[in-house]
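A, B and C are the chain letters, set down in written order, and residue numbers restart from 1 in every chain.
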Amino acid sequence: MTTKKRILSEHIVEPPPGLWSNCLAVGPVVYIAGLTAFDIGEMKTLASDEYQQARVIFQHMRALLTAAGGTIDDIVKLTIFLTDVSKNTDVWRARQEFFTGDFPVCSLVEVKALTRPDLLVEIEGIAHIGSSAKPSAS
Amino acid sequence: MTTKKRILSEHIVEPPPGLWSNCLAVGPVVYIAGLTAFDIGEMKTLASDEYQQARVIFQHMRALLTAAGGTIDDIVKLTIFLTDVSKNTDVWRARQEFFTGDFPVCSLVEVKALTRPDLLVEIEGIAHIGSSAKPSAS
Amino acid sequence: MTTKKRILSEHIVEPPPGLWSNCLAVGPVVYIAGLTAFDIGEMKTLASDEYQQARVIFQHMRALLTAAGGTIDDIVKLTIFLTDVSKNTDVWRARQEFFTGDFPVCSLVEVKALTRPDLLVEIEGIAHIGSSAKPSAS
């Protein structure tokens, strides 16, 4: 049996106990919560448009994957929740600054609202640590 | 190759064949459908507010995980779909009555509607059986 | 470490590099993007109602799973995003034409919009290759 391990990064504030974990690993599989640009420590939203909010989220995902012993390219699945689906290309632009190689599979939908009116983007992910490694030449 | 196994509990009614499974296990990984407080057997919704509907859902998740040989704390990922995102704290309150330790990662969004107007909450989950076990002292 | 492998099918057009993958496999686990009836090659939507759009999506899922060495019945989890939740039974009807045995667990919600106004359905999936195999008699 493989026990779950909470992945912590100094770059992202965890919520208080009894709410949720930002990131859990079970063996090589890593689950990342639906992240937003809301900073729980500062109690404020860190950016005001889709592009910048997505950048904050991907920075946090990168920090969490690094803390888990992997890289952001180990993410194989993303779900992107937007409050305005016409801004999808802004999120795509942010994503292109963080990922290389075969991009994650992705769903993208417009939801009615996120937890705060100033939040425009929420993104969750599943990663497999080591999955982005190039097969070694032989 | 590991075959999928349908997980059944006497506490939750399965839909008729040809629709969906409430819970499937593939080895230690358990997938739980987006559950609601709608009782397929009685053809009625079991509770009328977010807190009570979430309680029904978490009771069902607990029953399914028990039937799968695990516990509700083996859930590592939740997605919560609400029809009124301002009720998020009601769902959090219900969740605190069921989970201990490191809580699952979670996404939470407001959708436009669920399959019936009296349904206010739908929650899906992924669990890894045994993942909440404390590493044994040695 | 298991590296991810992009699954390609001649029956579904991949987006250009830097956007997303339609399907990635990590060992036996297969992640399928939120697929729609939009044909990226032809730049047009292939069907005009929920039933037909869902059929296109399930045809693509079947092609991708076949390319991955499995079958559509290896899908264990679906998430269905609809722009009109009252059309859920049309998607169910399409699904019944593609799946056999224990159906996948499923979430189904109404979202505010998908990426184009003529898109009515988006469906994502997770599969475990070989999971639908019948245990051999012994």
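Points worth noting:
Definition applied: contacts are C-beta pairs under 8 Å (C-beta built on N, C-alpha and C of every residue); 3 or more make two chains touch, one makes a residue touch a chain.
Since this is a predicted model, take the numbers as computed values, not measurements.
Two copies of one sequence, chain A and chain C, touch each other mainly through non-matching residues, since under half of the numbers at the interface are common to both. Chain C is reached from chain B by a rotation of 120°, derived from superposing Cα atoms (nearest 5).
The geometric centre of chain A is 22 Å away from that of chain C, both derived from CA atoms. Shared interface positions of chain A, i.e. residues touching 2 or more other chains, are given as 79, 111-112, 126.
On the chain C side of its complex with chain A, the touching residues are 1-4, 6, 17-24, 26, 29, 31-34, 79, 81, 111-115, 122, 124, 126. Residue ranges on chain B touching chain A, taken from their complex, read 28, 76-79, 85, 88, 92, 96, 99, 102-112, 126, 128-135.
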